[in-house]
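As structure tokens, the structure follows; a few thoughts come after it.
By written order: A, B, C and D. Residues from 1 in each chain.
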């Protein structure tokens, strides 16, 4: 998943760069995440399983892509190298959630 | 940005796979997006500029990474190839937002 | 649930009216809703039941109140009468979701 | 803003009580807040002003009402008295944000 020339061309051609302020991209990310979540709303675990096996899979894929697209614009504009950001955050999470405390436990680190 | 062996190891070691149901990952994505948004909350455009130039940049980077990490788990678990999902969604967006209608216009396609 | 003099005094004393632009209050509402959702994250139906019976109930209550408080500020500032807005939306929903189509069906009205 | 007999009747007639688990209502609240936020997305302060003076006001009102409706269902189902929850949270906020620290300052209490 990488930001390509196509991303820049897409918004440049539409003169949309004016809208893509970091705060608005962060808003957008939250809204897109909500649209993805909406697909799972009211569904039981069993229903999610059949959802994933149905034509809704395509809709999930599209919403997931929307989240990724906004994320890539935001990273590009803020000069964030997403690969290294992910790597460094994974490292932090490994420390924040030591195995002996986190094992089988869904609590947040500040509730240990 | 790719799902690596490290992702699987992280949750396996902590016995967290039981929590990572698709619906809960979608919830998580929404919450993480909210945490990123929180950094920009109440900020004017000027304040966002200095925010990005300050030590808050690291916090933004971490929250962005959290969103990406959840997204990668979700794609992995649902068998979604994020690269091709993004590519195919960009294509759809190019059609949904034709340049002559979308130019300088932030409306959603269904409001044209 | 009503907007009282106490609401105005709270933000006036703190000189916070400058931050309470409608867009920022809408952001805030979304973030507060995310914080409430976080309490339920990763929980099974059974765990939610014991959550509600535990001291987490107070935390739920506080997050619910935060959502309500932001909502009341927003309505106050936009001159929205929440009671009549709710009444009129309930009416719309009754029409949008006719009983014979909606019965036992969690689909959105535009998917009928 | 009060939960009335109409609320119970609405979902009972549609056999929707099965869907209204607390976790799903919390998801719903987050999605509805996102739909409200979407109206403000990409808008500058000036555009928000004219938005509020336009026919979009009705849309805002409807989305605000949707948030309130979900909130009322959630409170009803969890036995939360929203009025007293709001009152008690306002009190906590008054303590968490003492005037001399909070004055003209949008920081979160844990960043003081």
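In the analysis below, contacts are C-beta pairs under 8 Å (C-beta built on N, C-alpha and C of every residue); 3 or more make two chains touch, one makes a residue touch a chain.
Small disclaimer: the values here were computed from a predicted structure and weren't measured.
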Between B-D and A-D, which chain pair is linked by the larger number of C-beta contacts?
A-D
With touch defined as above, tell me whether chain B and chain C contact each other through largely the same residue numbers, more than half shared, or through different ones.
same
Chain A-chain D separation of Cα centroids, rounded to whole Å:
24
Within chain B, the set of residues that touch 2 or more other chains is 19, 27, 30, 33-34, 37, 40-43, 106
Chain A residues within the chain C interface of the complex
27, 30, 34, 41-43, 106
For the complex, which residues does chain A have touching chain B?
1-2, 6-7, 10, 13-16, 18-19, 21-23, 26-27, 29-30, 32-34, 36-37, 39-40, 43, 45, 48, 52, 57, 60-62, 64-69, 71-72, 74-75, 78, 80, 82-83, 85-86, 88-90, 92-94, 97, 99, 102-106
Which residues of chain A touch chain D once you look at their complex with the stated criterion?
19, 24, 27-28, 30-31, 33-35, 37-38, 40-42
